[in-house]
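One chain, chain A, appears in both complexes that follow, with chain B as partner in the first and chain C in the second.
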Partner chain A sequence: MKTFEANGCDKSLKLDIQSSFKHIDGMIEKVLNYLKQEVRCFDSFEINVILRELLTNAIKHGNKNDESKKVLFVLRCYENRLQFRIKDEGQGFDPVKELNEKSDILTPHGMGMTIITSLGYHLEYDQEENYLVATKKVIDKNNILEGNNYEPE
Partner chain B sequence: MSQNDGIIVYPDYDITTSTCDQLRDELLKSFQDGIHHITIDFKKVNIIDSTGLSVLISAHNSLKKDGERLKLVNVSDNILKLLSITRLDKHFTVN
Partner chain C sequence: MSGFDVSRNDVDQISVLYLSGFLDAHTTPKFEHALQTLIKEDRVKVIVNLKDLDYISSAGLGVFMGFIEEIREKGGDIKLSNLSPKVFKVFDLLGFPALYQIFDAEDEAKTKFNETK
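This part shows the complex of A and B:
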């Protein structure tokens, strides 16, 4: 796993991993440790779940479980927003179809996306850079982040 | 540990993409042994993801054919929240 620099005023962290499920726990631990240093209060369960869904999606559907490929992850804390950007080496996908496709009850397809959006994250697809972007608006009170539903501007 | 004609499954691991095959195999074995009353004890489960939930859904759908429901006990508030937002709490029996 490679770690890139965190930059100045916006807080950010870049990581990449080989495309294998066995690396997910390590990456999540690294992100949670980073957030513990930079942010005094956050929902570690929620972030664990969100990251797990995003990384699993990239490895399974983006990179087709090909361990020779990589998943690039960027965490940004900026303007009262927490943002996760995930890039895989796949062919991209139809964001309108995938992001609007809600899972039916008792059929698992699309459940990961449903979980992400139900936890208050706004999902969008950066087609130019091939990043799936999940953003949540948070309230920053003395460096304490509190969850709040993201409302697109 | 069996209870009457049913079984209680005690996963002592998080139920995620990289681990859920273990639970799937255990549930599959129960079905193959003709057991159709299944309870999963979540006491030692801290995290479940959508892949893990899909294992529960598959088990529940199999039980439903016999008029049964999957039962989950000792579920944490965090996991209960996930079951709620996916509306699976309306289908499983959750204590």
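This part shows the complex of A and C:
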């Protein structure tokens, strides 16, 4: 699937953490430091929002808070899209059910995923490698503020 | 890098909780504890001042939802104040303004509580 190809990826960062909420801050700090060095313009609040939701989801629902398991994170900056890839050691999930569910204050399950998509990210599941993939169209690789909404090719 | 803290100030029947830092899955127990303590003390007119809150995740939003029913059943409410535009955006994405009163300033929330004494 074209969306998951690394070809055309100009900048990337790969990190992993033990599966515990206490490690989330440290990982986000590393990502923000990387972006400060590599990218001219980005929204640190939005990066925080997206990464905390993705990492929490992987730790809680994927790895069931099992600290002996790991969460793998990959950031990829393409010419005009930004992509976060998150892999846990869980059993995977049904993308049709989990990724298309819209939640709100009255139907709270899946609120994190709704926040992510509301901020312009397209969510996909790379079933072969068990990665949850969040992709957003950006202005260019040095300015990862929002471009037009990303649609997979 | 982040951290989270909650402090409290009681004025007459109203209790104000001041949240600072990052409210996410890791830090929600502290906020839950503060709300549980208020309910135990039967102080259910609650303003949550978010002036110094840097970030809130879906787990943090879930705490507001987890307590509102009980607090309203006891005749109280949770009102929010002083949200930064970015924090407000997260609340707004999930429709919170339809169920919670959100004020620019803490005093406006206090006035609203006092109107409904």
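Throughout what follows, the second predicted complex is superposed on the first by the 133 of 153 C-alpha atoms of A that agree within 3 Å, B and C clash if a C-alpha of one lies under 4 Å from a C-alpha of the other, contacts with A are read in each partner's own complex, and residues count from 1 in each chain.
To be clear about the criterion, contacts are C-beta pairs under 8 Å (C-beta built on N, C-alpha and C of every residue); 3 or more make two chains touch, one makes a residue touch a chain.
Predicted model only: the values in this text are computed from it and were never measured.
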Which of chain B and chain C A:24 touches, first, second, both or neither: both
Chain B versus chain C as contact partner of A:56, first or second or both or neither: both
Contacts of A:115 with chain B and chain C, given as first, second, both or neither: both
Chain B and chain C footprints on chain A, overlapping residues: 21-22, 24-25, 45, 48-49, 52-53, 56, 60, 103, 105-106, 108, 111-112, 114-115, 118-119
Partner chain A, residues of chain C touching it in the complex: 1-2, 22, 24-26, 54-55, 57-59, 61-62, 65, 86, 90, 93-96, 98-99
Residues on chain B engaged by chain A in the complex (per definition of touch): 16-18, 46-47, 49-51, 53-54, 57, 60-61, 78, 82, 85-88, 90-91
Residue ranges of chain A touching chain C (in the complex, touch as defined): 21-22, 24-26, 28-29, 45, 48-49, 52-53, 56, 59-60, 103-106, 108, 111-112, 114-115, 118-119
Interface residues, chain A side, partner chain B - complex: 21-22, 24-25, 45, 48-49, 52-53, 56, 60, 103, 105-108, 111-112, 114-115, 118-119
